[in-house]
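Look for subunit A in each of the two complexes below; its partner is subunit B in the first and subunit C in the second.
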Partner chain A sequence: MRQSERSAVGEPSFPYGQRRAGIMQGVRRYGLFYLLLAPTFLFAIAFYYYPLLSGIYHSFTYWDIKRTVWVGLDNYARLFADPATAAAWRNMALIVGSQMIVVLTFPLLGAALVHHVRRGQYWWRVAFVLPIVVPATVIVFVWRWFYGVDGGINYLLRLVGMEELTRAWLGDPATALWAIIFVGFPWVAGLNFLIYLAALQSIPEEVLDAARVDGATALRTFFQIELPMIRPQMSLLLMLTIIYYLRSFDAPLIMTNGGPGTTGTLVPGLQMYRSIRDELDLGYGSAIGTLLFGVLLAVSLLNLAIRQRLEKTV
Partner chain B sequence: MKRLHRRAGQWVIQLVLLMLAFITFAPLVTLLSLSVKDIYQFNVAPMGLTFPMRFENYTLAWKFMAEPIWHNILVATVATLASLSMASISAFVFARFRFPGRDLLFFAIMILLFIPNTVLLVPTYQLIISFSLQNTLWALILPYCALQALAIVVLRTFFLEMPDELFDAAIVDGASVVQQFTAIAAPLAKPVIGAMAIFQVWVIWNDYAWPSLVANAPQARTAALALIVFNDFTMPAPGAGMAAGVLAALPMLVLFFATMRTFIAGLTAGAIKG
Partner chain C sequence: MKQSIAWRNLALWLCIGVLALTVSACGMVTPPTEPPTNAEPPATTEAAAAGAPVATSSSDKVLSGELVINTWNDITADPAHPSYVLHELIQQWAASHPDVTVTYQPMLGTVPERFGYISTNLRSQTLADVVMQYFPSPAQLDGDLQYDFSADLDQPNPYSDNATWREDFPLNGVALRDVTVDGKVLMVGSTYSGDLGDTAVLYNKDILKQAGVEELPRTWSEFYAAMDKIKAAGYEPFYMPTAGADGYIFTWYTVLLSGQLMDDVVAQCDGQVGEEQDGVISQKEAIWCIEKGYWNARHPGVVQTFEEMKKWSQYFHEGYLAPSAPGNLFAQGKVAFLPTVRLTMAVYENDPNLTFEWGSFYLPALKDGETSPRLGNSGAGQGSQYLFIPNTTVDKGKLDLARDLLQYVTSPAAMEYWCANQPIPCFAPGTPIEEIIPGDPVKQERYRGFIEPPTIDNMVARLDANDVFGPAIVVQENQILQDYLAGNADLEQTLDAYQAFLEQQASNILLQHPEWNADSW
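The block that comes next holds the complex of A and B.
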């Protein structure tokens, strides 16, 4: 029996005596547990629960560092009337959509190849993990240089005589957003790759052996056996990708600050960030944050519901 | 015939992997090569190696980056040690003991996984400002200490799976809760705690938006931030700017090669949460 079962209320328990506990003894018996949990909860309250409630409350106020004035739905009215909001959500939808396609293709291809390669599998794996270790800011910084007017891409284009294609990739409204989406191409090296690889490697040998005896080709084995077996990981990664790109804004912040123009590569997270940094309008920022949180929560709950339904039908 | 077929397949795999790796590493290799160019080499031949290599770029970059990198190491170490100490003892209490409200409290921790820090940016910023912690390292350390939910959930599962027999002798000897944790549970959980710690360090090292809001002054600047400030505001020789990028990445690379297995385990565990 588990110790946790044993020390259930009213049952004899070690090490705090074997009699039914009185109130004082109850405090002595359990107090220690609460005391040990206290630091965790202190931080959870200070940096999760309080900010969450404060953000929701202040989204209905005018809020700067000095004062708070109740303004009802003004921030939300302003947010929904602001053309920048629509542009930000449109940009974000494009990024999320593209990354959904990316996560189901390139890292999976990389993982499948590394899983099936016979020579140097270990080193291939290390090679595709290594770039994850390089801080994202450094990666974005290098890509920013590549996209520059005198950057790597234009240099290569000039080198092969395609001068007319050169441009300021991040300054041109036609290419800026796509340039940001393309950061990290071919998107193999990453956490997604690791998850796919772990999933592929955990497929039991017997399943694959059966297919081999039947004389199935490698490609058929992949599509008919391996792919269906890692479907849970695919849907998990799809979900995590959606949630991640709904809120992330480091690349636009570092590369374009939301430009060209005011909304070329603006996303909701960056819109929120700018409401603090540029305008110190914390109430407006809170409204964006609250909206973003609501959407994220809805997506997470939808995901849970879908998964539960899938489990029932299977 | 079939063997020939399979061997050809292996060649194709190697070739595609080689291509993918080439494109993956091209930007990083370019960063390295740019970091040793003087301004003339930088403008005329940005791709590929040029000689002589200008290692003095690194001297210049180091002057700007040394302090921020030290800030990063300090913040990541202190915050990770603190958050994992709190998280692992909480996970132990959640896993091995029963007390009123336990499941509710654990649920309260679990739902933190669904609250991305990004959406709390504004109120957390106000919190830091109202305690006048902006532009101190505390503005980074304190919020990072709150990153505990994932470690608690992972470690709780680990502690739940430990057999009771491990603890029986200690309990008979009258070992306290804390003694059971420090003498038995924690040592066995070391690999898991290590993996979570590395994931934490990685997350902290990668953060850009939060430090750029509350720690954008020389006395608290982190490496990622300093890299951008160095390049965009101090207008160094372009090669030195690139050298700063290499320097910002270096400590994590060292950590990776020193703890490869744990590092990969930590990333994999952390990735599931995202």
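The block that comes next holds the complex of A and C.
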């Protein structure tokens, strides 16, 4: 019986002496576990919970390392009054939305094709998984070169006689954000592919056989049998994508530093990073971080609720 | 059964991925060909290469211990770079103190990143014992956290025969002017004793010839006419990075324009709030100026600067709004004009791929008949190699060690050695270029823009975001202008954004300086 169930049925309360003896017995019994957990717990307090609380506190201050001045809600007022904030969240929404579409399509398509391929499946898997070893930062740098005036994309366009389409992809406000979203095209390789492939491979063969016996085409089997059965993995990847891109700012930082202009590719994470690193305005950066944390927390709770609901329905 | 096989496959592939990553990471750990970030230079060998100390101390004090120096980039890497001579001087000093070990911790990254490193680590008290830097910005100086040399400067330098250390600094100590805040001298360093500018514009003679530009422009309208011809000839006229590692160049040229259009603001703000009236705007004066509304986005000088930048931007290189791609457009023969700093001249002088003739000139003034103010002067400080001592060094009991090094590298003998080994030897203001670089017309042409017009009495007043708010913050100013140049914002929106930027930064600086009592202004 779980603790919550016990209290629900109205367990009788024990006298103080008995309760204390019970605690001591628990400590004796699980003391070693607590001892082993302690370092991890202390590190978590030092490196996660303390900075988190410190960040929230400092979001109400002007803080430049040297001095801390209480400014109340000024940082939040400034944050919400700054037109860059709305633009940064708008950019982020576009990136998150695009990546949600990407994660639900391209790696799934790749995994489905590899899953159904009969010959050389092993080598296809190798080809799709191998890019995992390339660090994300390297990929961003490579794409930055692609987007240069003399970079790969313009070179290809010139090669096929479409010179009029060449441009500084990262220097044009109309294309810079899309260029960042496009990094990693065709997005089929990597961990997302691997999770989809494993999910597809874990579907019981009997179910698929039954569908075939019933005369279902490959396409119908995919959409009506396989896709519903990998829904938990799709939901997991969707949530991981949302959480990742809500806080991610490596590509805008490396490729454009938020430009061109004040808001071309600015996202909240980068806005926070620049406030802290370039301007040493740590209080304002903390306010941005606290807002971001609130949104991430809400998304995570939403994710939890959706998953619980999904588990109940399955 | 099938499910367990699938998860086993997943685990297997994850293991392969991790293994491959580990292998590739190991592959990256190859023996470095350049000195690593925290490399300790082999003091004795280097000292031998640098030669015997050029000055000896009159003090009997025996120094010992370890001195860690944050260097501006790796000063041991390129013997042709002006900063290599400072490395030699440091090694000479180390050789004359056998019980002292010197360790370098180079500050790498882009120029704004290095400024950011210094500011952050100064405040968090994690800088090395001595810090070297170029172009000190008044916004960076902090009298609470940096050692004040003013008392020492009034005492003799043990490596000098002068009565006081202050007398060792050439040109009446002009280099100390920009690093003095509230009477505290917060930096000293190897100072160029001469009239050499820090910035100029390189030109590709071949492109100018092909475009029909017979002479270098002497007025702003001639400059535009030349760029028109260059553009018509199919070349990119002017390399002007507005973002990325070289984005500071754009800032400097904004300063150059505004510096010619805001004399009245300088006159109103110079000498206020107890500051000296010296033609140079201190951070305190500038903040007062913003608070009082003299320096504001609607000032005609600011408006004209923005409009001029927009007009000029039609001649900037393609993709100037994005961080520059690898490769140098000037060296590739694609752009006619390249703004540069003297410190990078060795890159061009030693580039075997530069097959065309090139030289340098200084941009003409906006108004005909006037002379452009100079951006940076070596003698007046900006091109010198400054060194400062964080107060943490004093707390660690290493002040004697650190100060002795600084006294050595700023002694007259060391300055003479430093000057003699610079790409352009030091010279008295007003010396003709033919005497400075005699018998070498190629080099004369390459350095003319750094020497003519004279710099020492013709400096920008420093009423600009770069100096007042700090080099790392001007990215914001650049991006506000980028919006205007790209057509994302009209002039009114740009001026609004600029005013909000000025006010926000001023407000932050006032929070940093409660001792100014700004409420009483």
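Throughout what follows, the second predicted complex is superposed on the first by the 275 of 314 C-alpha atoms of A that agree within 3 Å, B and C clash if a C-alpha of one lies under 4 Å from a C-alpha of the other, contacts with A are read in each partner's own complex, and residues count from 1 in each chain.
Here, a contact is a pair of C-beta atoms (placed from the backbone, for glycine too) under 8 Å apart; a residue touches a chain by one contact, two chains touch by 3 or more.
Quick caveat, the model's predicted, so the values are computed rather than measured.
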Query = Can A:130 be said to touch subunit B (first), subunit C (second), both, or neither?
reply = both
Message = Quick one: is A:43 in contact with subunit B, with subunit C, with both, or with neither? Answer first, second, both or neither.
response = first
Message = Once chain A of both complexes is superposed, is A:88 in touch with subunit B (first), subunit C (second), both, or neither?
response = neither
Message = Just to be sure I read the superposition right, which of the two partners does A:150 touch: subunit B = first, subunit C = second, or both, or neither?
response = both
Partner chain in contact with A:113 - subunit B first, subunit C second, else both or neither = first
Query = Of the partners subunit B and subunit C, which touch A:267 in the superposed model: first, second, both, neither?
reply = neither
Request  = Applying the touch criterion given at the start, work out whether A:69 contacts subunit B, subunit C, both or neither, answering first, second, both or neither.
outcome  = second
Inquiry  = So in the superposed three-chain picture, is A:181 touching just subunit B, just subunit C, both, or none of them (first/second/both/neither)?
reply    = neither
Inquiry  = Contacts for A:194 in the overlay, against subunit B (first) and subunit C (second): which applies, first, second, both or neither?
reply    = both
Task = Tell me which of subunit B and subunit C touches more residues of subunit A.
result = B
Key: Common interface positions of subunit A, toward subunit B and toward subunit C   = 65, 129-130, 132-133, 145, 150-151, 194-195, 198, 277
Task = Write out the stretch or stretches of subunit C touching subunit A in their complex.
result = 2-3, 5-7, 9-10, 13-14, 16-17, 20-21, 24, 112, 116, 119-120, 123-124, 142, 144-145, 243-244, 318-323, 325-327, 472-473, 475-476, 479-480, 482-483, 486, 488-489, 497, 504, 508, 511-512
Remark   = Touching subunit C in the complex, subunit A uses residues 62, 64-67, 69, 71, 78, 125, 129-130, 132-133, 144-145, 147-151, 167-173, 176, 194-195, 197-199, 201-205, 255-264, 274, 277-281
Message = Under the stated contact criterion, what part of subunit B meets subunit A in this complex?
response = 6, 9-10, 13-14, 16-17, 20-21, 23-25, 27-28, 30-31, 34, 43, 46-47, 83, 86-87, 89-90, 93-100, 102, 105, 108-109, 112, 114-116, 118-127, 129-130, 142-143, 145-146, 148-149, 152, 164, 167, 171-172, 174-178, 202, 205-206, 208-209, 212-213, 223-225, 227-228, 231, 242, 245, 248-249, 252-253, 255-256, 260, 263-264, 267-268, 270-272, 274
Subunit B partner contacts - residues on subunit A that touch it in the complex = 1-5, 7-9, 14-15, 29-30, 32-34, 36-37, 39-41, 43-44, 46-48, 50-52, 54-55, 58, 63, 65, 109-110, 113-114, 116-119, 124, 126-139, 141-143, 145-146, 150-152, 155-156, 185-186, 188-189, 191-192, 194-195, 198, 218, 236, 240, 243-244, 247-250, 253-254, 269, 272-273, 275-277, 282, 285-286, 289-290, 292-293, 296-297, 300
